[in-house]
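Next, two complexes with chain A in common: one pairs it with chain B, the other with chain C.
What follows is the complex of A and B.
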């Protein structure tokens, strides 16, 4: 009996989190830190999508409200609300999400293309789907997220 | 030199050279050169949740060619030590309705917005306001 050569497995860790009733994930590489919510300092003239800035150990981070970026209604923060420090390219920012769930390894072979019927901001920022406990999780592209922030009205 | 400005609800900083004078607020309608004085409470101009101040008020005065803009606040202090100021992230600056904020200072580990009062005065003289004001 011959043993077959081991297949290369491309596994990446993803951070899963929730916004409204939907579950999302980001590759852990651009994630620097997860922080409890605290009130950001508002910047006069900034849109509601960018509710202010915070200081995280000397780094000033602009907060991005992911609900508003995805076209959902704003929600008051609660005990589960978290800020995800994202670093991508030369941009650092804190992504405001409703809750952070888990860090999980995902095999690239298990990723599915995004549904063809996506519209609006979701179509821009969701680059793949996977199933976790039979629930769909939308994977976000940080470059697309930041591009959308710069364009969003 | 950096000025620490306190409104009713918030703190801001500005560069002293952006301001021509700081003194007690008056009710004068014109300055000694006959220029009309435009007087505004700074807090509510910047934040709808920041109410107008009352009591003993200070005015940050910015002289323009044909106008004088007085921004009224409860308190102004000269900071003994200049804080580290970092620019706003470009993607945030690009989204500002009016470019009245141009940096962030850290005071007691809290971010404090740096205001460009000269730009603000010029915009106010032209009748420009943030959407809420």
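What follows is the complex of A and C.
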């Protein structure tokens, strides 16, 4: 992350996490809190990608299973499983992810457009890529993500 | 200077002042007494003057112009150079409206309103507005600058204008902050419940200590009876003394902790209650904030419909939660419109009926315990239940025979049906009957109720009952399937225990007789969307919650009643917005959640889904006759459940109680398909299938086996016996069953 003195660059903090074997990131601004997994209260009739709701200090959060949203196979929670409290617009929800890795600053100049061959939900929710330790990390757009969930709900 | 921060304040302040102007003008119209008239005029003048001053300061000249024109006319009226007659009052009121339009979204001002300004100023016949603003156009006697607002002592109005608004003991607080406060107070109340549970644990600890103490005493007595050597005795005594001391200390400690917690709990209980009440009070607003607009509404409506109406308002100081006020504002306006438009007769008609020509609209609010009751009463023509019945039948809402069975109250309730309107002509004012169902929906959302009483020729009263506050609501916790669900206690009319053998079928639908009435029986879990059997399939008797939905009675079967308590209801958020039957979640003492179900929404939603089914049966109607399906099951509930599903999908359904019964029926009648259970007395499902194929030689007849035997072995046996489909009960869902049947009958799309 080097910034040329002539041009100030905008650096944003991103939260990196894993879903299945893939790496994703979210800008840290809409992230309120990271929680250990706990069994949500199921909402009958809701689609599988909304396995239920949890109560986090008085706020009801809908749990969104990112695996299912991204079209990956469901998995049982384990010790690394985390819930990411995401707040965007008037929606508060908890994203179910397999593990949370790190919070890293990323310079906007290092963002790449998403690959052209994305399809389905990934195409809608991934709005940029960057490389971290030479691994591709997909950045999720909270607005697109919530819009997708609302369509499914 | 950045003025943006002042715009919002200007909008609010102007709205307040316009309200004052409105009220004052209406009060003057109905006011004979000179002193009161005078003080109302002063109020109107002051309001307009303030608007003018602020508008000029912020550079909103069009608003200032209109305000100036109004001020000028009001000044003339005050000096008795002009009389405030009705046409002039109309113009003044319109001027207020114009300012309202201009000020609603400042700094933006809508073009049509701007265009109307010069014309309006002209129409008022006021002197051409004088642009200079350093000097007041004329110094008419106005109110005292600040402290005693009631006194109308003359002084310079500019003083009031330039002096900063001080000495007001109020602050504006953002609504979301209040909501947060409200939420936290609720949180605290729930925590308090949890602490209560800790207190209970301590009691149990004390009891255990008591038991231990008695056991130690018994042991001592036992030991005293035994023989020991003096050294042994001494050693034992030493040990016993230690034990006794420890025991006493433990008992003492347990006692003290329990007492302390009790005292603490009692004190905190009071504090939490106080806090709740205070937080609640912060959110309370007098109902006047919405009542205030009603006199004007009635006046304008009466004019538009060529009627005469007077309005009487009582209880404006009754306070309600601001959220509640927001939600009842539209319904209230709608009801008042209805009262004038539908309720009141034309003056000549009234006179002919021996009534005064002007109709009376009475609006009152009063709080009673935890509720507020609002009544809208008119002395008009009343609602004729007979006409309502006829109209409902005409609209196809119910059969004529059914309509004639409704009692008066039930018939009147029909006006809350969507799409119902008895107005002979659809008027612009009362709309097309889209209103009353919205009124009811809004009230239900609040946990309130609405009731109509009417006497033909004498008038109509609509009563709204609304909970005072929304901080906690009383909920009933029930077990439905595998889950705990909460229902608002206010919606439940009663509890009924249903035994399997009390269920009666009407047109294939399970019902039960209760107080000589037929009550539809539904399973809560199934309605909510869980894939579970009816509670009666699992228990010989089960509790049911009695509800009144529209004019029908419904009993919702649940597995168990768990508790009734006060709970804080939290919204589920926009992700579940498409599920109106889920009205939120309530937090349990241990921090867990139970979904709060609005049973009325649930049933209405269910009714809509059921209404969608005839489409399916229509597509089957291309066939000359509906397919005949034989349902075989020894369980009454399963049988009737299957029967009702298949019948509503348009099939002709016959039921058999076991395999042997089915074989008898198959010998005498042809069926197009068989749906059978496996475990049955006499002839089971496997044998039935085999015998259908071998003995009856019906090799083509489709057989669907439905069973709780989920093993692969059973599945194989079923298919070997010749069944076409095998549905496991735990995966059972109505759509997949219907799909399988359609496929087997060759009806698939």
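In the analysis below, the second predicted complex is superposed on the first by the 146 of 153 C-alpha atoms of A that agree within 3 Å, B and C clash if a C-alpha of one lies under 4 Å from a C-alpha of the other, contacts with A are read in each partner's own complex, and residues count from 1 in each chain.
We take it that a contact is a pair of C-beta atoms (placed from the backbone, for glycine too) under 8 Å apart; a residue touches a chain by one contact, two chains touch by 3 or more.
Predicted model, so just to flag it, every value in this text is computed and none were measured.
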Query raised in the report: Put the two structures on top of each other at chain A: do chain B and chain C fit, or clash?
Result: clash
Query raised in the report: Of the two partner chains, chain B (first) and chain C (second), which one does A:150 touch, if any: first, second, both, or neither?
Result: both
Report task. Identify the partner contact of A:93: answer first if only chain B is touched, second if only chain C is, both if each is, neither if none is. Result -> both
Query raised in the report: Taking the superposition as given, does A:138 touch the first partner, chain B, the second, chain C, both, or neither?
Result: neither
Query raised in the report: In the superposed arrangement, does A:55 touch chain B (first), chain C (second), both or neither?
Result: both
Requested in this report: For A:47, select first, second, both or neither according to whether it touches chain B, chain C, the two together, or no partner.
Outcome: first
Query raised in the report: Which of the two partners, first being chain B and second being chain C, lies in contact with A:15: first, second, both, or neither?
Result: neither
Requested in this report: Go through the superposed model and pick first if A:69 touches only chain B, second if only chain C, both, or neither.
Outcome: neither
Report task. Could you tell me which stretches of chain A are touched by chain B in one complex and by chain C in the other? Result -> 41-46, 50, 53-55, 58, 60, 62, 91-93, 146, 149-150
Query raised in the report: Which of the residues in chain A end up touching chain C in this complex?
Result: 41-46, 50, 53-55, 57-62, 64, 90-93, 146, 149-150, 153
Report summary line: Per the touch rule above, chain C residues touching chain A in the complex are 183-184, 186-187, 481, 483, 525, 528-530, 570-579, 582, 584-585, 587, 591-595
Query raised in the report: In the complex of these two chains, what residues of chain B are touching chain A?
Result: 10, 45-47, 86, 88-89, 91-92, 94-101, 104, 106, 109-113, 115, 130
Query raised in the report: Any idea which chain A residues touch chain B in the complex?
Result: 40-47, 49-50, 52-55, 58, 60, 62, 91-93, 146, 149-150
